[in-house]
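Letters A, B, C, D, E and F mark the chains as written, and numbering starts fresh at 1 in each.
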Amino acid sequence: MVNALLVTLILIVCNFINYWFGYTFTTQPIIVAPLVGLVLGDMQAGIICGATYELIFLGAVNIGGIVPSDATSGAAIGTSFTILTGMTADTSLALAIPAGLLCGQFMMLIFTLRSFFNPSIDKLVEKADAKGIDIMAFAQTIIFCILVSLPTFFAVSFGASAVEAVVNSLPAVITEGLTVASGLLAAVGFGLLLKVIWSKKLAVFFFVGYFLAAYLEVPIMGVAMAGILYCIIDFSVSGRNKLSTAVNNSSEEDLFDE
Amino acid sequence: MSKKDSLFHLEPEDKKMINSVTWRTMIGSGPYQYEKMQGLTFLYAMVPVIERYYKKKEDKVEAYKRHWEIWNTTPQMAGLATGLAASMEKQASEDPNYDTKSINAVKASLMGPLASIGDSVFWGTLKIIATGIGVSFAAAGSILGPILYFLIYNIPATFVRHILPVIGFKSGENFLKKASENGTIPLLTQYASMIGLMTIGAMACTMVSISIPFTYNVKDVSFTVQSIIDSIAPAILPTGLTLLCMNILKKGKVAPAVLIIILVIASIILHCFGIL
Amino acid sequence: MVNALLVTLILIVCNFINYWFGYTFTTQPIIVAPLVGLVLGDMQAGIICGATYELIFLGAVNIGGIVPSDATSGAAIGTSFTILTGMTADTSLALAIPAGLLCGQFMMLIFTLRSFFNPSIDKLVEKADAKGIDIMAFAQTIIFCILVSLPTFFAVSFGASAVEAVVNSLPAVITEGLTVASGLLAAVGFGLLLKVIWSKKLAVFFFVGYFLAAYLEVPIMGVAMAGILYCIIDFSVSGRNKLSTAVNNSSEEDLFDE
Amino acid sequence: MSKKDSLFHLEPEDKKMINSVTWRTMIGSGPYQYEKMQGLTFLYAMVPVIERYYKKKEDKVEAYKRHWEIWNTTPQMAGLATGLAASMEKQASEDPNYDTKSINAVKASLMGPLASIGDSVFWGTLKIIATGIGVSFAAAGSILGPILYFLIYNIPATFVRHILPVIGFKSGENFLKKASENGTIPLLTQYASMIGLMTIGAMACTMVSISIPFTYNVKDVSFTVQSIIDSIAPAILPTGLTLLCMNILKKGKVAPAVLIIILVIASIILHCFGIL
Amino acid sequence: MVNALLVTLILIVCNFINYWFGYTFTTQPIIVAPLVGLVLGDMQAGIICGATYELIFLGAVNIGGIVPSDATSGAAIGTSFTILTGMTADTSLALAIPAGLLCGQFMMLIFTLRSFFNPSIDKLVEKADAKGIDIMAFAQTIIFCILVSLPTFFAVSFGASAVEAVVNSLPAVITEGLTVASGLLAAVGFGLLLKVIWSKKLAVFFFVGYFLAAYLEVPIMGVAMAGILYCIIDFSVSGRNKLSTAVNNSSEEDLFDE
Amino acid sequence: MSKKDSLFHLEPEDKKMINSVTWRTMIGSGPYQYEKMQGLTFLYAMVPVIERYYKKKEDKVEAYKRHWEIWNTTPQMAGLATGLAASMEKQASEDPNYDTKSINAVKASLMGPLASIGDSVFWGTLKIIATGIGVSFAAAGSILGPILYFLIYNIPATFVRHILPVIGFKSGENFLKKASENGTIPLLTQYASMIGLMTIGAMACTMVSISIPFTYNVKDVSFTVQSIIDSIAPAILPTGLTLLCMNILKKGKVAPAVLIIILVIASIILHCFGIL
């Protein structure tokens, strides 16, 4: 119970820092899991869970309000059970994945229900009630942070013993299969990201990235750098800069030039 | 160029207001909902602007109404729009003939481009770079993992969050007009997408891991299927699976959650048969 | 004799599959040699000969009807003697190379003599004799396949013992020199290929390929991929696609885009 | 786009005919000769077309004569021409005013471009890729060598062999006209050559092997000439030799066979002196 | 004394070959140091000093007549003391660096003082005295070569024992610090070179070079090659060659094309 | 193209003169001074030209005066200018109406471009390549170091030194006019700078060595600061330091000599604290 409360508190704080300060990504598994580990007394395990879940939930990103999976809650629940019942991070995927999926649905439910407050906002607007708007914005955010943390509270409070029994009885073939799945799942995430950015015309750059990483073994920072260099060359050397000088001047090349 | 003329210089009064707008803009997706999306955020961000420039209550009400509309973009990018809206509200408050409809028109026209630039830069590139570095430390059990992740992502993000409202406010409408006329916005969108695609292409093949352990023997030499695949094209399975997922998701008939479940089950089954 | 017949049969089949089914490359040493090895009872040796000869005869390609060397016969003869007399694949180059050269001349002789049949084809055409044309086409192809296999038949039938004696008496300096030559000779092949594709304007891409392979150690598939990516970018991003949309639409980028 | 309008959809009757044309086109260089080159192949490929569209014997004869002419191109690419000729013969058979000379004109204009695209794609790129992978397995004695070689080459080649006649038939003359007018054909030729040159450039430096074992000692440190060359530019000897061969062959004074003999003799001699 | 004379002689010869024959770079440490080593009886040490100093003085290049440091004298003095007193090349930086700096100032003094001869050259010109001009040019060059070698003469003649004492008394922390400095100092040199070539528009290529070396580990020759290939493609393929054909024809692609 | 028309063919008389000009041009910075810079070199290089074409003493004097002016460029490149000046002097001696002012105008206009091409090619690229290879041998104590350094630099340099005067003389003024009109000179300058920047960018990160040995321990895992930096971006410290130096030098307030001293002192101090 105390554990559940502590974990929930961590979640609320992480969510709040993320949503109130401009998407600081403190809700990402790699940050949530170590903190959960910290309050449950095994930060090391938390860090390792964080690494595992970060990749699993890599694509569970909220784009356009579609939440394929709530990575934050998934990571918190997975890490809690990993530490409380002593499983490995890989096995706990059997919990983290479904937990993330369910909580994701719950999150989208909140996004839907929240419209019920719109009439009262209309009224605040009619009265030009600045104070009221401020309160409403804060209230909606903080309540959201609490609500999305609740499932984790219930899961950790009541689930531990049941979960332990279930997970212990999983046959090896399933836990191994889960390990395999843990390698695969990032594909969904990348698929979701790609879906948003993909365009016929630019698709070739996906393969350029593939080429750099697969054949030249360039690390990801180098790939991004290559992309930026290409864009700068394309813009400023290959004569694409028919744009007004105003724009040109504010481009990044100024950096090293007074 | 004297400091006063600089793009980033603000009078103290303006500075105070823009600072407030900046912090308010940050709540981004905090009050997200499917009807007005981030509408409440925009409304909330405009409070200091409206309270400063309008004195009469009816003017205030009108202005508040204007900003209590649907709004949605990448939170880190929204500052350009709120800053710009602040400068337009200022003009509107000074000039009775100002066409206030243009304020919402500009907002509407900015949502898409800002979201597509922002989503590829922040979701598609920066977050992935941070993950790449952070996970490599975290997997080794080092606390540096989360710390580097947080810093690599937030140092540039914080810079953007704070500079965009200033740019929006200072350059005003003109900026937008010029930027769309001379093609800057589509070009930036294209560049952001290109870099996003490159990073995802690179990450998909290193971070999605899938390999076929199946081995066969010819005489006393043994070959794994995976080594053959690698000699033809390295990491082609992860890349292929990623593209497959994208195509499935694009068709829109399978929800991401369902796809995840399918993949988990498929992994278990294929592992049983020794294929994965 | 049986060996010679078997090898010849393999050659005829390989040639026929190549020439009747649209250049399937079943005439390449890497495929012919293992099959010859198979019928002579040592497939393993055949595979290794195939690898050696494939590189030697790499450029012995029939472009514009010029046959610098008949790789198929060369490989068949070389493999046969390697297995029958127990030399190494490298030493047998002393046979495979001249055999290939001679058979190449013989092939071109056939290309020349075949014109003698043209008057009878003229007649078939005058009579609109579809059946006759069909027969003529088949006959010319199959007879060609048999004819080009004959030198191999004679070489393998009568050459073995003589060859064994000669090869055994080669001084070490020559067999070693042949091994050196086996490394060099692909240069002629590449030279022949280059001769066809080379142009002042595009020559730079030869060096791009060199750069990718020599400095970045990109394997050949990766080099081809780099080339394709460059072409797509050049076409669709750098604004070279002033072509009509019809063409543009059928370009390969459609692949992943409904 | 309904399936019927698709570029690759054919009516059953047409499908049967084009199928036959496809297989007949494949005999390519089978009946090659220096006078008519692959002329007999083209004639043979047109049999089902002429027999289908023309009823009167004199029309048939005329049509057969038309295609008993010199013809030469990369066999894998020829389908575009035979397919196109089929569609033109169809129009000619329906329209008495059809200018049948245009059929041969089109054929003549296609030979060069198809050969240059085809030779660089099939001889210059695909075969070389297949060799690169196949040889690496075969040299280790694995049966995978020939198998992968065969598949890597023939899977794409088969696709091309079967799709080109359909494209040629369906898109008809227009395709060709457009393609030459808007520059597609020269552009494709250029792209094919570029990729061909790149693969050959890459292969020449990895597959031609030549090195100078000559070693000298300064005090107790010993250096090989090869290591010096490598530190200046890796694989420069194979690349240089390849370019030298090309230049010699280009001048046309030395036949390839002679060049091969010269190189063999040179290798033996230089090896005697310990230089190679 | 004999040593000092020998070293000075070497310096004069190296300088003369450099300045009279079109900047042959015989004044670079990598060449001067081994020669100094040779005359002092330890060429091996000279070669190693040469490698060390070449990097230290890498950017001490005379561009636009600005001499940040006289690498030649610095290397000669450093090498001499290294051999004569038996220090290591790294420690001798404590001498080579200040010596180079001082001699650099001396060199620029010569550049300034030399103007005093201009009136007499004016007179030679008025008289169209070809012979006189020839003599003047030779005299100015040879005297310069002697003058810039003098500081080295004095340093080596009189400095050895004093230097030995000083250097021996340097605490470890300083000699180690000098080793650290020896790694850093090339940055000044590169900074000087960059200052000259840098432009907003082309700055991106500095980072392209960085990318190739840091991420793809391409050696310097390969980087230069990549640059040349890029320029050729940019010029001849990407349609930048709107230049007259005259120029185009003389471009380097002609090399392999008759 | 007959040999006589070739760009590099010279009549024996001309050959003798240009040869002399070539060798004289080489003294380059030998008589450098801050007032006339390499002016004496140019004057000296023109002696055989003036003595050949002008017979009258007053003409000679006038011509000598013309070339006793400020001149400065990369010594290896100067031949283009002296060759060109020779051809212009020839014309001037033949045509009494020749506008001799144009000779100095041409010289003046060539100084800048030649210096910027030459400095990036010879100082920025070629010297650095030679250093890269030479030092790697020399550091291992091999005499090959200086030898390769000398050859790698001087083989291309000698070629350039000898060919430029011929080109300058043969192509005459026209060359220059065309080259500036059609943009060759700015393009060449740009290309030379690009390659120079690339090589320096590459060398700065491999030849400047700076690393932070500072190590810290978390539990029993120990991390060095350097390994973190490397995982974010390899060799970013040397590159950053180089750019910093450039910026400091560009501002012009700190002389190179002073900067060197500062860096040496800083190295010693930072090393004391265990940071470097």
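Just so we're on the same page, a residue touches a chain if its C-beta (ideal position, glycine included) is under 8 Å from a C-beta of that chain, and two chains touch if they have at least 3 such contacts.
Protein names from UniProt, one per chain: A, C, E = PTS mannose transporter subunit IICD; B, D, F = PTS mannose transporter subunit IID.
Treat the numbers as computed from the prediction; the structure is a model and nothing was measured.
Trainee: Name the chain whose C-alpha centroid is most distant from the C-alpha centroid of chain F.
Mentor: A
Trainee: Which chain has its C-alpha centroid at the greatest distance from the C-alpha centroid of chain B?
Mentor: Farthest by centroid: C.
Trainee: Looking only at C-beta pairs in contact, point me to the busier pair out of E-F and B-D.
Mentor: Answer to which pair has more contacts is E-F.
Trainee: Taking the mean of the C-alpha atoms as each chain's centre, how many Å separate chain A from chain D?
Mentor: Here the centre of chain D sits 51 Å away from the centre of chain A.
Trainee: Averaged over CA atoms, how far is the centre of chain A from the centre of chain E? Could you give it in whole Å?
Mentor: Averaging C-alpha atoms per chain gives centres 55 Å apart.
Trainee: What positions in chain D touch 2 or more of the other chains?
Mentor: 133, 141-143, 231-233, 243, 246-247, 250 - these are the residues of chain D that touch more than one other chain.
Trainee: At least two other chains touched by the same residue of chain C: list those residues.
Mentor: 44, 198, 202-203, 205, 207-208, 211, 214-216, 218-219, 221-222, 225-226, 234, 238, 256
Trainee: Contact residues on chain F for chain D in the complex?
Mentor: That would be residues 133, 136-137, 140-144, 148, 152 of chain F.
Trainee: Applying the document's contact rule, which stretches of chain F touch chain E when the two form their complex?
Mentor: 7, 24-37, 40-41, 43-44, 47, 50-51, 57, 60-61, 64-65, 68, 72, 75-76, 115-116, 119-120, 122-125, 127-135, 138-139, 141-143, 145-146, 149-150, 153-154, 157, 161, 178-179, 182-184, 187, 190-191, 193-210, 233-236, 238-239, 241-250, 255-257, 259-261, 263-264, 267-272, 276
Trainee: Under the definition above, what is the set of chain F residues touching chain B in their complex?
Mentor: Of all residues in chain F, those touching chain B are 218, 221, 223, 228, 231-232.
Trainee: Please give the residue numbers of chain C that touch chain A in the complex, ascending.
Mentor: On the chain C side, the touching residues are 216, 218-219, 222, 225-226, 229, 232-233, 236-238, 253-254, 256-257.
Trainee: Residues of chain A touching chain B in their complex?
Mentor: Residues in contact with chain B: 19-26, 28, 30-31, 34, 43-44, 47-48, 50-52, 54-55, 58-66, 68-69, 97, 101, 104-105, 111-112, 114-115, 118, 121-122, 125-128, 130, 133-134, 136-137, 140-141, 144, 173-174, 176-178, 180-181, 183-188, 190-199, 202-203, 205-210, 212-215, 218-221, 223-224, 226-228, 230-231, 234-235, 240, 242-244, 246-247, 250.
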